[in-house]
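Per-chain numbering from 1; labels A, B, C, D and E assigned in written order.
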Amino acid sequence: MKLDRRTFLSIGAGAAAGGAVGSLFTPLPWKLTDDLSIWSQNWPWTPDPARGEVTFAPTTCELCPGGCGVSVRKVKDRCVKIEGADGNPVNDGGICPLGSSGLQILYGPTRIKTPLKRAGKRGEGKWKPVTWDEALGEVAAKLSDLRQKKLAHTAAVYVNGGEGTVNNLFLRLATVYGTPNVFVSRTAWDTYADALLHMQGEYAKPAFDLENSDYILSFGCGIIEGWGSPVRMIRVNAQVAEAGSGKTVVQIEPRLSNTAAKAGKWVAIKPGTEAALALGLCHVIIREGLFNDEFVSTFSQNFEDWVDEVHTEHRGFKRAVLEDFPPSAVEKITGVPRAQVAKLAREFAAAKAPVALFGTGKGEEAGTLYGAMAVHALNALMGRINQAGGVFMLPPDADFNWPAPAMDALAQRSLRENRIDGAGTDRFPLASELPSRLGEVLADPKKPYPLHALLVYAADPAFTLPETEKVLAGLSQIDFVVYCGSQMNDTAAMADLVLPDHTCYEKWQDVPTPPGFARRHIGLTRPVVKPLFSTMQAGETAIRIAKAMGGPVAESFPWSDYIQCLEESMGARLADMKENGFWEAEPDKGPWYTAFKTRTRKFDFAPRIISPAFPDTKILLPTYEALTPAGSESGFPLTLIPYENLRLAAQNVGDTPFLVKTLPDSSLMNQESVVEINPATGKAFGLREGGAAILSTPAGETRVRVHFYPGVAKNTVALPKGLGHIGYDDYLAGKGTNVNALVGLLPDPVTGHNAALIARARIVPA
Amino acid sequence: MSQSSLKPSETPADKNAYAGLWAVVLFAAAVGFYASLLVGWIVFPKLLYSKQNQPIDFNHVVHVGAVDDSCQTCHYFREDGSFAGMPATADCAGCHESMDSLQGENPQEKLFVQDYVEKDQKEVPWFIYSKQPPCVFFSHAAHVFSPKMRQFRDPEYQLPEEEVEEGAYDDTTCHVCHGFIGESEHNRPYEENRITGYSRDIWGENIAGIKKHTWERMKMDDCAECHEKVKGHKEACFVCHK
Amino acid sequence: MFPFNYEWAWDMSHIVFMGGLWYALGIIGAGVTYVVAKSAWDTMKGHGGHEEGHH
Amino acid sequence: MEIAAKSAMDKINALFDSLTPKKLLELDAMLQPKGVKRAPFWQWGLWMGFFTLVALWGFYAAILCWFKGLNQTNMNDYYGFALWIWADLAVIALGGGAFFTGFLKYVIGKEMPLKYIVNYAVIIGFICYSSALLILGMDVGQPLRGWFIFWHANVHSMLTEVAFCLSCYFGVLCIEYLPNVLENRQLDKIPFIHNLTHNFHSAMGIFAATGAFLSFFHQGSLGGVAGVMFGRPFAFREGVFIWPTTFFLFTWSAAAFGPCFTIMLTKLIEAITRKKLVPDTAVRFLAKISGWMIGTYIVAKIADTLYWAFVTAPAAGWHLSDFYTGNAFYGYWILALEIVAGGIIPAGILISKKGRETGWSLTLAVILGVIGVSVNRWVMVLQVMAVPIMEFDQWALYVPSWQEVATTILPVAYGVLLISASHRYLPLFPYEIEQANAAEHHG
Amino acid sequence: MEAAESHEKQKMYGMVIDLDKCTGCGACMVACMAENNVPFRKDETDKFKSITWMRVYLLSNKKDYPYSDICYLPRPCMHCSGRGGHGHSPCVSVCPAVATDYSHATGIVSQIYTRCFGCRYCMGACPYHARYFNWWDPKWPEGMKEYLSPDVSCRMRGVVEKCSFCFHRYQRAMDLAFTEQRTELEENEYQTSCTQACPANAIVFGDLNNEEHQVAQLVSEPPEGKKKFRLLEQLDTNPKVYYLTSKDWVLSAANRSVKEEAKKAESGH
């Protein structure tokens, strides 16, 4: 038989067949099958987190002013989870979504890992890493240079709050350096503090004893949406749901917020008219004689009409509200039925421990002074001051007994310059500073003088101030913007120089009393891990800048480093703070006859201001002044209001990836903000659920998606606040719209602070 | 059904031709058969596993002799009940403080002290023979302390009335899974499956997966085998998995 | 699939289900083996292409 | 004759030795069944080329799904099952013609006239089932672990039953298809293969019986897959023994509608090849059976639907309207399409002698039938996923991605290729060959 | 594996969620994601592909302003024990490869990512949409892998995952118990991440079989003025997550069978 190709093929086939059969009798095919599936179970690109000893390290959360104690779970030296610290009086084991996603900030791409110098155009995101010496040197040089040129007042400092050692180090720096242009983010708490200053004669933050109140009347406060200390407030709110608790919350708000939904009663009201309702309640309480007679007659003044030294007759608070705010009038202003006004007033008066709260949403907007005074007057009428379940006074946490700053002539001179925002001038006599006007001022060609330098610590004016466009434009006019903080937020993105701070998991620092908290409570952040990157405690940064500038500026910072400063500032309190993670003290609950620091030691229903600014004495008689947003009713038939909640971090810290992930379709759709609109109105404007639309206001316009929500009034649209960032990372930046970009300034006629985020708007299908 | 009208020839010559071809094909098949047996049993295992030596050649015998309470001296339980497994360099440094205070002459010790202890106690990248994949939760506590296991070891066992010293364990059963590693004077090379990254100990030395002793294989079925013995029933997945 | 699999249990459902399966596999396997073997045998015998196939 | 045989062999060897276009054509001719007329090679080549391209497109999509993962599809957490699973259920139902014809021919022993169509039914079945397996291979998120379904089988899961019976029955189909392949004019000349073919034929009864047994279970368990989901009121059906009613309905409908598909394709191919390939007797016989099967099936289906609509679903708090209103797509029309247009009408036509013996009405009936069963499978997969269950949940609609579509078309192209090749080179249609040979003898 | 679970006390871990307290803040969702190495993507707006073991749904009373009302409903895995509590939950009974099973020792429905081969039958079977598929390879931004916990294995692309009632916490707690010569856990020793995080303490977790645990008490007698319900009870899924509410509209918005009764009642009048 010849070995032709065919035979050859046959042999090959035979061998192959034999081999195939044979392999079945070896481990090869079977083990390979098994191992391949095991490979798929342990893909090298699927992480296998390292194991190790588990430990828990305490610190205090700094992502919002809430001041929650947290416990960080670690595996070896990695942080793996943040949990609420059990037993902490603020949050007792609870934690908010932002707080528990803190590790995405600690380890995340938004961290600033080293000092950065702008390399590209402003806001372009091109940076050049520099050493700390270079960075600090440059800041000191630039500032000293201005100072030499007698331009100290053209350098501004912007901080996120007036309390705590680090904020005050920056404020102190501003003072000894000699600039009047100090900006402190302005909140409803500050406005209430002003109200207390005028009515009770002492500048103090309000402390609400909500745990012991049985009737909480909230004038638009997002009780469970971030107002005050979020976790604490949610715990308070949960008491209401506790079966058999006599506690109730009444929410006065234009929109059905989570708070409104959870409240015992939701009073729907026209945006920005809360003050009128408060005074309406006062009217009923006074008319029906339901007020606390002892308090009003013995411990208050200017309740009845009064005559001043030049025999001028002045209306007292009583006559003013009786004349100006009958329920019928209030109904016209607020849209709240007169019957309900009366009913509310009676309920409030009848409650054992009622208390009225001020500050819309998270309290991030200043609101009006009269608004705060009206609400506080309501508390006063019922004698709720220094009473269990009422409101107390907390002087700011700034008592560090630091040596008096060394002020040289240069500083003293330039400190006398007018502030660029006009605060304290005849135009705004009652304001100490007006951050909300920053955009407007910087954009104004006729501004008194240009700003040459801006030093921002932890705040995010580029995102949080109204009229974003103007603010951004203004920032880019400033020659030298320095940002000091731990995350690349919108302001950092606009800066020339970035000085990275540690996160609250890497540093020692005091955390001031959470807003509205019932006791003085100073928390302590502690290094849970060694600083991961080349960052520096911001307080240390301030001290080093001062020292680098030398002279009196340096002298005013006698501490060797921030740690020493912290120890001296906290003094005896530090022991507690180190042991428990916080220090606490009861507020002054003194009896009414010692409670008030006014000239007459009485509570003042209509304080009068005697100041050169007012030729004829100014009397702050709480009333309601309508706020009229720009734009014509015909051109902009709708009212735009923002809404806030805990899934939307809208202050100096933005949403983490986890937080963005929790946003429902009704807040963010694709990459666009979703606007809530009443179904009837929506249909009238030819919109459809989920459809795209163009929302425009006199300040600007944006593309949004539509969500029909019966929880907003007709002709009203609500937009989530906290989206539309330009800084941060791909997980947040460019998602949605910044409400601030759509609303114009709406100044409080009395103080000039921004009264509310309200705008006229128009919406058309896109 | 064959519709073919052709018929293959039946002349003797062709018959032989066919038969011959058959023989050849069958022979070829046989060769192929044996060749693949060779590959499957001898060549394949060699290719499948990589071999590495431990960074330090560790002598268990010496150490067990030197310490008071054998295994648990170095392989101890932590406060929270978790098992520390490989001792950290810091633990070793308790005895092996520095080059000036070596315990013996062994070059391996020198190596260890200068390369790890004196390099701010950096950890030794030991290869773990018994390393289980991420999806496995193995509770040493359950296997060492659970009453069931104690009873399994000693049928007379009762839960003690008085508090016993926490974390102290008797190491009579370590070998059930780990073999008599405590009696080894040298580390055997660590073999790793190139595809799965598993230690060879998981599948076992025997490529056919046959084991003579409990510690020669650590696949799930081997765990299950014992669990059924001790617990008397099969377990839910969420006992050993995470 | 086999009694030595962790998931196996000696209960009704396994016996019925797997019983049926192995039964079917058995028939198919046996059938194929028979056919191949017989064909090989026939070929050796030199059969092939005879018309037995036709009915 | 002998000479012819040997010379033929040598010819082939010669061809193998050096292939030139000319010789290729010779080879093509030699491989075709004797005496039949086939399209010119270039024409056939074009046809094959086109469908090869389509198949490649589908294959590319498949590669994407395998390497990039199922994010290539438009499936989501609401649509874990979608187009692919529907395609699976559909082709398997349509491929049911194979097991049913095989069952009738080999088990019931209805040799005539089914022998004219059985090869063909088998190849369709083969295509459908191989496609189904291919699609399943793509549909799982971890193909490398696919074998777990056998090794770690959970015998309580309908899917396990499907997997086992499906793959076993596919084995049977291979066995049923193999002889037909081996009957190729040239292969058949090799004695061993000739014997193999012969012996397979004689043993086919056993295989067919086993196949029928297996198909009964996997067709059924495919119905069970939906029917057992007691969390899904739209799909859930009460049980008979351990199986929900859908189990039996699926088997029955596969047996009933499978032949429709076989007939439909026959008509199609006859149209394309412009030849009579299957005698009317065979077609009509199948049509008649199919008619009665559909008739009985649709009665059962209606009964089942009524019971479900007025007893099962309401017991869980659902009304019929909850399933067919309040969304953009699923309305009562789909119910009508499935039961009336896709069931009652074809049944009526096929049962009536006139209906099934008139060309156009027969064609209409089988097409309606195919649509009917496909809609049924669609509903039992996709509408199940679409219906909201939690009170506050929403209807979920879905549109497949191009990758899903391409991979679903892939089997169609592959089917066309296989049938075209088989038809060209294998005695697929005994009738055609008989005719050809008859003609030759006369000539 | 129903076979004699030996003499250990059989647990039946479950949850009670007070919808009156839940504020929809999302802390449970985030705490869950942080605890369980849940991956996230740059765009998570497609909620049909967004992995949230714990998901907070929004209920509405569908009335117009100012009578509209909303309520949040957190939805973890219900860990159903199925008809008659035999452990035949909708998902367990259908999984072809026993990648998910019901533990009669704890009442917890497992999900084994390395066994799952991604057929997604369980997702189709689960009426609560508590099961999620890994459509993509999990990816973390540079550096963020640092916070991943070794207690929970990361899931690879192509498998199904779901809430595990933080079973790894049970495993760790038992470790400690064993070293302390205990076989039983205290109520507070094993709590899920969401329970621990919830600022409103709306979630209560524990052993439904143990009348000393708060869950058991809340289920046996709900607080004054609150009604308890489970989602889709009428389907015989027998879920282990109970909800409390004092609002009738919430009852009907969340629960069909109740809605049916309500309808009948209305038609009755």
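The rule is simple: a contact is a pair of C-beta atoms (placed from the backbone, for glycine too) under 8 Å apart; a residue touches a chain by one contact, two chains touch by 3 or more.
Since this is a predicted model, take the numbers as computed values, not measurements.
Of the chain pairs A-B and D-E, which one is connected by the greater count of C-beta contacts?
D-E
Taking each chain's centre as the mean of its C-alpha atoms, which one lies nearest the mean of all protein C-alpha atoms here?
Closest to the centre of all protein C-alpha atoms: chain E.
Report back the single chain whose CA centre is most distant from the CA centre of chain A.
It is C whose centre lies farthest from that of chain A.
Between chain B and chain C, what is the gap in Å from one C-alpha centre to the other?
So the centre of chain B lies 39 Å away from the centre of chain C.
Express in whole angstrom the distance between the two chain centres, defined as the mean CA positions of chain B and chain D.
Taking the mean C-alpha position of each chain, the two centres sit 49 Å apart.
What whole-number Å value describes the gap between the mean CA coordinates of chain A and chain E?
Taking the average C-alpha coordinate of chain A and of chain E, the gap between them is 33 Å.
Between chain A and chain C, what's the gap in Å when you average each chain's C-alpha atoms?
76
Counting only residues that touch at least two other chains, what does the list for chain B look like?
1-2, 4, 6-8, 10, 18, 80, 82, 133-135, 234
Find every residue in chain D that makes contact with two or more other chains and list them.
If we look for residues of chain D contacting two or more partner chains, we find 142, 145, 148, 152-154, 156, 160, 188-189, 191, 194, 197-198, 201.
Please set out, as single numbers or ranges, the residues of chain E touching at least two other chains.
Answer for chain E, listing residues that touch two or more other chains: 1, 58, 98, 113-115, 137, 150, 153-154, 156-157, 172.
Hey, which residues of chain D end up touching chain A in the complex?
9, 13, 16-17, 142, 144-145, 147-148
If we count contacts the way the header does, which residues on chain B are in touch with chain A in the complex?
Residues in contact with chain A: 16-17, 20-21, 24-37, 39-41, 44-45, 48, 78, 80, 82, 84, 133-135, 193, 195-198, 203, 207-209.
Which stretch or stretches of chain C touch chain D in the complex?
The contact residues of chain C facing chain D are 1, 5-7, 13-14, 17-18, 20-21, 24-25, 27-28, 31-32, 34-36, 38-40, 42-43, 46-49, 52-53.
Would you pull the chain A residues touching chain D in the complex into a rising list?
Interface residues on chain A, with respect to chain D: 4-6, 33, 36-37, 39-41.
Could you please specify the touching residues of chain E with respect to chain B in the complex?
Residues in contact with chain B: 1, 3-6, 98, 100-106, 108, 110, 112-115, 150-154, 164, 167-168, 171-172, 174-181, 183.
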